[in-house]
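Both of the next two complexes hold chain A, though its partner changes from chain B to chain C.
On to the complex of A and B.
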């Protein structure tokens, strides 16, 4: 165990939490407001990544600038999917809802495969991708720092929307009691549509960031969706407020194990599964 | 008149044979879809050429392509479907050691002729692991096209010996591809007197990793090797290379050993000077490579930048030539022709020869080229007789 690497592990862990939180908060929004577990969330993420790639290839757009285009497009995709499919299963058994979103995910994956093929696609010319600021022995990557800052701003913005705006209050109201919110005049379906669109938008922005960091493939969303589920479980299903702290716990735990344990990087997935298991056991123990 | 007679005779002969169908198992979707799609494009080109040249036994050759998703259970079901529903006698394609190991019992049950590209895990030199070469290399019906893991490593040793490094850090993906490959590399490199200062596993982005390799790369920085050698998949290449620079970790040489490289990565600034092992490049200086690249571009509108396309092309032509030479689909006759024949490929002529434990090994360590990303291009820098540019010093 090389403790000289500890400061780098801490910095890398905290910065990784930004992207984790961004993906997880969209998932939490769908679960918390609409009450639907969206297995296609990772595919929104993947679509965002491929749109950023395509904008770069076709028009030379810097991937971070492409957020301005990708975000509204993903909102529209999310809203359209809600209006055309999700809203019809809101009262169906949970298994039907899960199967539907799982199916949407498969359709989106295969559409991506048809359009972009299975090869990983790289946005070649991103001059800042490999830049890092050296602070003592610690390197702070510009891309992780930027994605952390964007994620924090977006998650904070979402908190403000939920807490301070009429739309946010409407979302909280329908989350608490769908029937009651309808009885007092809220258009529940419209609120759900906006919430699902926002959920897709947040995943899409996460996807743009991943297009900078990695080489997108049709299955690129899977790893981050798994992390997002772990974070949502850790925060409490549908609890948007707990997402950032839960993301930091997951990302830091992974980074510390990966750095300080021999062959620790291959234990990253074990770490988050252990965190899910521990959380569920703790919660059930606390209730009894 | 003679031509018409010949065509009529050929048609009559052809009527005596059923159309030859070859079952293809490739990961067309899922995490390894890039490789599977590259294989498919190679098969499509070979199929068009074979059928334009008269087909197989006077009939157009037919491929029945099944998607394995690089998933063992899916691959076994797909293979058994090819055997029981489609009744094919020849299997082509192949990718992933994990998938191949899962298929071995089914291969043994049905025993068609299996010509297999993927599955490099031989098991040779690893007492804890029964590899593919050890398990089915002796079977008459098994033909392995891609080099074995120790042949990949042999090529690397030849290059490292010429390069003269004194210490290496190894990062490897933690699956059936990277783990035995890294063990073989470590043993061989140490036998050459080169220090292995780190041998560390990581979870590939292909296997559910998020592409954050900073922890493993920090350990490389602390070990301060002359060379970083990583064994992973194509989608690991960019995050590994960019995070290495971001962290300020600067070994004199960086060598990647994925099966392929992402589309578009050549122009990424962080790839400059990164080296890799590859079986085929369009700028390989031989006429077969140029002809293949031109035909591939005409059919698919892009460069054949994944060597799996070249291997698939070579594999299908070997089947067509062997069955035509046998004049029958009888298994023993086709095996005899596959054993005796010399076949065409973008890498030049090749044939099946015995390897350490296998009866029929296609390409060996001499297939491999070392290339280096230089100014947005992949230049061949080793071996010297096929080099297109000198190796650039980068630190």
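On to the complex of A and C.
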């Protein structure tokens, strides 16, 4: 174990947490407001990544600029999926809901596979990709730093929207009592549509940022679905502030094991999932 | 609903399996050399049916398990590691694979079966990912790390000095696998029928519908769920071991692929959950669809699987079986209406 790497591991962990929180907060919105368990959430993330990639390759769009395009497109995709499928299973058993979204995930993932193939695609040639800051022993890439900042802004923005705006009030009302909200004149279905679109939008922006940091493949979605679920489960449903701290816990654990344990990089995933499994088992036993 | 014992269904299943057992001979007589690839398609369909029946067993207790790939992989690796370490007879690996998968399921189930819905699903999926990583980090000499390792085939028909052609050797090998898969399918059917046509069905349904009430009524929910989970995993573990021999190798990413889990749940849903006929029917239909799609689309033929899943949840929530039952009921109603036409309207409702 090399403790001189500790500061670097801490910084990397916190920076990664921003992206995790962004993806998880979208999922929490779908679960909390609509009550739909969306197994296709990571696929929105993946679609965002590949859209950014394609815009860069075809038109030379800067990934940062492409967020302006990707975000509305993802909102529309989410809204369309809600209107055409999700809407019809809201009252169905939970199993059917999960299977439906699982199916949507399979479709999106394999469509991406058909379009872009299975090889990783990366956005090379963005001028600021290799830039970074050096503070003592710690080096910070400009891109992770920027994506952290954007994530923080968006998560905070969502928090403000939920807390302060009429739309947020409507979402909270619907989440608390769908029938009551309907009785006082809220268009419940429209609120759900917007919430699901927003959820997809947040994931999609996360995807744009991962397209710059890593080289995404069509199967990257599932990993992020799982990570988002883990964070939501750690935080407890419907708890935005909890999600941020849960994301930090998970990302730090991952980063610490990856840098401090010898050969730790291959254990990255195992740490993550072991943490989920552990939390779930702990919760199930504590309840009784 | 009419009540009946399992005997009629078991008899029908025995007839179905006996019919399938005769298939290799029929195919050989009818298609000669081409029978090899037809037989291979049959093997895939039966494997899918086994996977689907075993997943459905867990679903009957109301749990969405996403760990099927884990037990499949555990079975496959048990067979591989056993051979590597001891050189024990090939066939010993199959029941042992079932046993190892069952023990893993016992552990995982005991820890997680108190979780509901989404939490259980996530826990099982996480377990599958952890197990994959664990297998990757086993010593290279035992499991081959991320590369995997090779296994010999279960059947080795010999070339007898040109007396047998190449395709005949392949045919004999495929026929061997076909019969072994069929044996496993027979086991899966017997389990499924016994659960469906005995008092156990009520225990399963009670636990699925309302665990608390089931407990009050004297059904032990934890034990019922655990039993379904363990039996299901044992079957999948054996399937994994047999397929590992058939493919000739195991490797962590392919053997523990989420794809296996997806197939395990799509098939029974498409066919009709909580039935025995549904998963088998769906396996036959879907493996035909898959074969056709694979020939026409190189990448992403799984899109069709996803579409099948989405469409069947939306339009046939009870699967093929429910669709047929609905049609049959409508047909009967119409027949009754015809028969009673001269009478007042009220007569048709009785």
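Basically, the second predicted complex is superposed on the first by the 275 of 288 C-alpha atoms of A that agree within 3 Å, B and C clash if a C-alpha of one lies under 4 Å from a C-alpha of the other, contacts with A are read in each partner's own complex, and residues count from 1 in each chain.
The criterion applied here is as follows: a residue touches a chain if its C-beta (ideal position, glycine included) is under 8 Å from a C-beta of that chain, and two chains touch if they have at least 3 such contacts.
Keep in mind the model is a prediction, meaning the values are calculated, not measured.
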Please tell me, clash or fit, for chain B and chain C sharing chain A in the overlay.
-> clash
Scan A:94 for contacts with chain B and chain C and give back first, second, both or neither.
-> second
Thinking of the overlay built on chain A, is A:226 touched by chain B (first), by chain C (second), by both, or by neither?
-> both
Check the residue A:274 against both partner chains and state whether it touches chain B (first), chain C (second), both, or neither.
-> second
A:258 contacts which: chain B (first), chain C (second), both, neither?
-> first
Check the residue A:107 against both partner chains and state whether it touches chain B (first), chain C (second), both, or neither.
-> second
With the two complexes superposed on chain A, say which partner A:85 touches: chain B (first), chain C (second), both, or neither.
-> second
So, A:14: does it touch chain B (first), chain C (second), both, or neither?
-> neither
Which partner does A:123 reach: the first (chain B), the second (chain C), both, or neither?
-> first
Which superposed partner A:285 touches (first chain B, second chain C, both, neither) = second
After superposition on chain A, which segment of chain B among 57-65, 93-101, 183-191 or 363-371 overlaps with chain C?
-> 93-101
Touching chain B and also chain C: which chain A residues?
-> 109-110, 113, 117-118, 222, 226, 266, 269
Mind pulling up the chain A residues that touch chain C in the complex?
-> 37, 85, 88-89, 92, 94-96, 98-100, 102-114, 117-118, 222, 226, 229-230, 233, 266-267, 269-270, 273-274, 276-277, 280-281, 283-285, 287-288
Given the complex, residues on chain B that touch chain A span 27-38, 174, 200-203, 205, 208-216, 218-219, 222, 234-235, 237-239, 241-248, 260, 262-270, 306, 376
Within the complex, which stretch of chain A touches chain B?
-> 2, 4-5, 8-9, 12, 16, 57, 109-110, 113, 117-127, 129-132, 134, 139, 141-143, 210, 213-215, 217-220, 222-224, 226-227, 255, 258-259, 262-266, 268-269
Residue set of chain C touching chain A in the complex reads 59, 62, 64, 111-112, 114-115, 117-119, 121-123, 125-127, 129-130, 133-134, 136-137, 258, 262, 265-266, 269, 297, 299-303, 305-310, 313-314, 317
